[in-house]
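Okay, got some structures for you below.
Presented sequentially are two complexes of subunit A, the first with subunit B as partner and the second with subunit C.
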Partner chain A sequence: MLRVAFLKLTSCSGCLNQALVALLASEDLLSKYEVVYFTELGTISSDNYDLVLVEGSVSNTKQERELEEFRARSKTLVALGTCAVQGGVQSLRIGEDIEEVKKTVYPFPEKIDVYSEPKPVSDIVKVDFFIQGCPVKGEAVVNLLRKYAIGGLPLILPESVCSECKRKGLTCVMVSQGIPCMGPITVSGCGALCPSFQRGCYGCYGLRTWDINVFKLEKFIDKVNKLGAPGSMIQTALRGYGYKSFKYVKGR
Partner chain B sequence: MGSVYDLDRLIRILRENLNLQLQGYRYHAGRVSWGEINGIADLPLSVEDYVEPGLYRLKEGYRFRHSSVSPKVFLLPSEQVFLYESEDYARVKAPDTSEMRQTALFGIKPCDRRAIEVLDNIIGSKNPVYASRRKSIAAIIVEECLEPNNNCFCGAVGSGPSIEGGFDVAYARLDEKRVFFKYGSELGRDILVKLDLKPAGEREVNEYREKIESTRELTSRAFSRVMREVQENLLSKARDKDLWLKVSEDCVGCGNCNFVCPTCFCLEFEYSINEQNMGVKTAQWTGCLLYTYGQVAGGHFRPELYTRYRHFVLHKFVFYPKQIGLIGCVGCGRCITWCPMGIDLRGSVNSVAQGGVNAGK
Partner chain C sequence: MDQAKIEPLIRVEGEGEITVIVNGENRVRGVEYYITEAPRFFEYIVRNKHYTTVPDLVSRICGLCGSSYILGAAKAIETGLGLSVPPEVEQYRAVVHLAERIKSHVIHVGLLNLPDLIGARTFMDLAKRNPELFKAIIELVKLSELLMKSIGGRIHNVVSIQVGGVTKFISREEALKLNKIMRKTLTPLLAKFADFVLSLETYPGEKQDLILCSVYEDEYPHMSTMIECNDMRINAYEFYEKTVEVLQRENKTALLYKISGKPYVVGPIARFNKHMDKLKPETIDLLKQYGWYRKLDNVFQGAIARVAETHDAVIKITDFLEGYEAMSYISKTEPIKKSETSTCVYAIEAPRGILYHRYTVDEQGLVIDANLVTPTAQNIAAMEEIGLSRVLNSVLGEDIIETLRRVAVAFDPCISCSVHSMPVKIVKN
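Our next item is the complex of A and B:
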């Protein structure tokens, strides 16, 4: 049996729920994996792990230590979801006064120990593999677990959301209806969920930061601006889902 | 000469007398997609596409030209399971491709027909899925366009607006009601005999010819040079990095142009394991504009976006002709229409061919 740990940092539990449900729903995997740690259930048995799936971004030094400890005790560590991979929606607070943010949200802000910039998991420890998504797709996790069980890791081909729209035969909401859509600059993997329901993509899987430079990003933002994209949509996409690129964008 | 109601009779002959399933542009719920045509109600007869670079609107009218789909959707599906294999390779099976229902393509355009010719030459029998689907096509019914949309340039690449061969029946709508028919094969002649139409008069033949010629004129203006010069200049400027950077400055690498292009045929394989512990090898559409396209074990041969855009343009206009003797671009304008950034291929080709005059636009 492979020993798998589910570690949750600063996040909403959405990815871990996807992962857990996917695991429990796949009979073939239940005979191969044993869940030995799950943050929300506490330690089931604390030993070494074959696989650690990490959800969430890193918010304080305590989490950094925790993450390092899990890294040291695991063979393979996988960052699961946009928060773990890029920082996630918590990054919306970057650039704001952190004390003000705490006061806005919490009744006892002095009890909240976080630093102002959430960090992706890869800022702290070596990450062997990552799956993007907000939340990740259960199928992607199942695919990972099946490949890992035979001694490998899947090959993920991160493309644009447009790729999935076109393969599904959907008509482009941006070109045919003028609906602002972040799909062209967003990582694929969701199966073009929002455009399937006649809505524009808001970039939750993360921006394709390795392929789009600031100059192209600005051109694209001009385009969706002209279509009347609400400022909040662009802000969310750039600051929440584009951790690595957002700071360099003009007038964010 | 006939009317739009004769199209319904034509559909019935193909379906009932020839026992074919019909595939073509299907109008349903406010959009034109690809699908099965069962009757005249499925045809996009009372809609018209209005397009600009990066813009598409379906309006009332009778001159439907394009949507984002093309016959490629039928011939080269976006996802094709190629292989199932067990862990020890003891059990390997390919999907059954032998049983395809005999099919008629209905209402495809002359540019679409040219695109199929291109695919035939590039893929042919190399892909079993394509081969079986291609083989199932027993009849081709073409609709000629008598008025182009803003992004059409079939005249410039010689794929339209009229069709001279490779079809069975072709029709063109002179106006909302009147339809001009012609045949291109023995089968087509038999079908038209069964339709029992009244012969077109001289006035109608002239009207048809005039409209074809005006469409040819309108769709031939795309390039500022003759095609041979365009091709020579594209090749000689292939290494002018600054020029290609300028031409591709709006491109974000989303790959929409590849997916909507009726001649883009690239597939990538995805491997997964199913619940029976069988490896599943699935081919799916990819495109040279996507980052992962140039990624190989050990590196990446086109990491910079401008090199991928350049490849798209050069492949269509320079490399296809070397490979198969045909230009890979059929002038349908889909890549222009469905580019979310509104990049105009005609403009790109012109600015390179002219050495960077109005680059990109």
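Our next item is the complex of A and C:
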């Protein structure tokens, strides 16, 4: 049996719940994996693990140390979901004075131990594989677990949401209806979910950056602006869901 | 004074911690429950965001009840900005929310709470002891997933609900197909699950005198701008912004919510005890068969309310699907130019209890201030009172810790969404 741990950092539990439901629903996997660490389920063995799935971004030194410990005790570490991979929507506070941020929510801000910048998992430890999505798709987790059980990791095919629309035969919501859509600059994996529901993608799988530079990005933003996209839609996609990639856009 | 600390608190969503305060003779003098989640400052990050982007943003607060956030935020904004949504569209959105209630209750009762009730350590022990029941639980979760995916797009952060309505409706054929699956598969599985939970004889019987709060409407509590606490009815804004006391522990940081100095309880037990007569007649019949059509005595019997609500939701959804006619309503999301700021308020019954939303939106449609009060944060004070009453003056031991852990699990705290609570470090003397 392969020993798998589920580690939660700063996040909503949504990806871990997706992963759990996907695992429980796959009988073939239940015979190959033993869940040895998952606080939600009451399993907290602190031994060595074959595989650790990490959800969430890193917010303070306690989490940073915990993550390092799990890395040291695991053969393979996977960053699960947009928060772990990119930083997630909590990154929207970056650039603001953290003391001011704390004050708006908590009356005793000095007691809160939190970095001004949430860090993606890969800023702290080596990541062997990652799955993007807010939340991740259960099928993607099942793929990973099946491939890992036979000694490998899935291939990553970097594409935009547009390619998924094309494969599904969906008419482009932006071209045909003028609906602002972040699909062209967003990583695929959702199966073109929002366009199939007659709305524009809002970028929750993270920013596609391997072939985007600052010039192309500005042109694209100009285009969606003209279609009436609210500034906060663009801001949330770039500085929230896609924070880490946005930070490294070529030419920025 | 010595302090003994236990961590982490297991079998709850997210991360929590219990602190037990003992005296020199090792007798329990105090109990505190803590949320150890790192804060994400949602009330800050929604500031300066256009109201159309707010529902999707706040749904990221909780990975288990995201549609309560999306729908609650959309309703608050629509109410505050005067956008009206036709009743049949409202009903459609309510189905997504009811499907989430099913998913959350089945996961909580089946995987997190049942192990306690049958004396198993985790759900894996339960799976070994009763594989057939375990299979029913998993199948129920999968069916609730199918419902949410069909109508909402995915099980967390659904995409079909937006300010002003729904982006895309399912067809009549799809509705009938779903209905067929529900009637054929979901109903018998639920009967098996309900039979197991309602027949258990391990629920503690002690009477707890609780102040129970839920949203108030003509139907079984779902969503409203009115709150009812015991016999008092009050609008949600008055209740959350003025009546409720938000207290801070001495020298500590976690916030506690109370009314006139007393803890109150939100969630399934509050909804059930106050409004069980509004459940579907079929659900009432089922409860009567097992002798459970009566007020629950304490929070440990919460599984009864969750099963009743699951049953009620399944019937409501199948009724809806059966009579469903495809719709083509175009959501009205156009910004409404208002000359002044609008206060947008709504309260929705998330699976764990009242989730209060308030967004103050300026004339440009941007949020300038927000307040979110989550069910778990509201229940912490009651959790501590009930926990302490069961262990006060007892000598600290494994059994005491187990009792306190069970109190927490019975409340089903979804700690990720406790935006108002925070980690506290305690030094062991």
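We adopt the following convention: the second predicted complex is superposed on the first by the 236 of 252 C-alpha atoms of A that agree within 3 Å, B and C clash if a C-alpha of one lies under 4 Å from a C-alpha of the other, contacts with A are read in each partner's own complex, and residues count from 1 in each chain.
The rule is simple: contacts are C-beta pairs under 8 Å (C-beta built on N, C-alpha and C of every residue); 3 or more make two chains touch, one makes a residue touch a chain.
Note that the structure is predicted; figures quoted are calculated from it, not measured.
K.L.:
Following the superposition defined at the top, how do subunit B and subunit C come out on subunit A, clash or fit?
P.N.:
Overlaying the two structures gives subunit B and subunit C room side by side.
K.L.:
Specify the angle subtended at the CA centre of subunit A by the CA centres of subunit B and subunit C, expressed in degrees to the nearest 10.
P.N.:
It works out to roughly 110 degrees.
K.L.:
Check whether A:Ile150 is in contact with subunit B, with subunit C, with both or with neither, and answer first, second, both or neither.
P.N.:
It touches subunit B, and subunit C stays clear.
K.L.:
Just checking: does A:Glu40 make contact with subunit B only, subunit C only, both, or neither of them? Give me first, second, both or neither.
P.N.:
So A:Glu40 only meets subunit C here.
K.L.:
Of the two partner chains, subunit B (first) and subunit C (second), which one does A:Leu53 touch, if any: first, second, both, or neither?
P.N.:
A:Leu53 contacts neither subunit B nor subunit C.
K.L.:
With the two complexes superposed on chain A, say which partner A:Val78 touches: subunit B (first), subunit C (second), both, or neither.
P.N.:
In the superposition, A:Val78 touches no partner, neither subunit B nor subunit C.
K.L.:
Applying the document's definition of touch, where does A:Ser160 land relative to subunit B and subunit C: first, second, both, or neither?
P.N.:
first
K.L.:
Which partner does A:Gly231 reach: the first (subunit B), the second (subunit C), both, or neither?
P.N.:
Only subunit C; A:Gly231 stays clear of subunit B.
K.L.:
In the superposed arrangement, which partner chain does A:Leu7 touch: subunit B (first), subunit C (second), both, or neither?
P.N.:
The answer is neither, since A:Leu7 touches no partner chain.
K.L.:
Given the superposition on chain A, which partner contacts more residues in subunit A: subunit B or subunit C?
P.N.:
Touched residues of subunit A are more numerous for C.
K.L.:
Who does A:Cys204 touch here: subunit B (first), subunit C (second), both, or neither?
P.N.:
Second partner only, subunit C.
K.L.:
In whole Å, what is the nearest CA distance you get between subunit B and subunit C after the fit?
P.N.:
10
K.L.:
Residues on subunit A in contact with subunit B in one complex and with subunit C in the other?
P.N.:
none
K.L.:
Touching subunit C in the complex: which residues of subunit A?
P.N.:
Of all residues in subunit A, those touching subunit C are 8-18, 21, 24-25, 35, 39-44, 59-60, 62-63, 88-90, 92-93, 96, 101-102, 104-108, 111-114, 134-135, 137, 193-194, 196-199, 202, 204, 230-233, 235-236, 240.
K.L.:
Along subunit A, where are the residues that touch subunit B in the complex?
P.N.:
Contacts found on subunit A: 26-28, 143, 146-147, 150, 154-155, 157-160, 162-163, 166-169, 171-172, 174-176, 178, 181, 183-185, 208, 210-212, 215-216, 219-220, 223.
K.L.:
Which stretch or stretches of subunit C touch subunit A in the complex?
P.N.:
8-15, 37-41, 43-45, 47-50, 52-53, 56-57, 60-64, 66, 107, 111-112, 115, 121-124, 138, 141-142, 145, 153-157, 159-160, 162, 167-168, 248, 253, 365-366, 414, 416-417, 419-420, 422-425
K.L.:
Which subunit B residues qualify as touching subunit A in the complex?
P.N.:
Listed in rising order, the residues are 31, 33-34, 54-58, 67-69, 73, 78-79, 87, 249-256, 259-260, 268, 270-273, 275-277, 284-287, 290-292, 305, 337-341.
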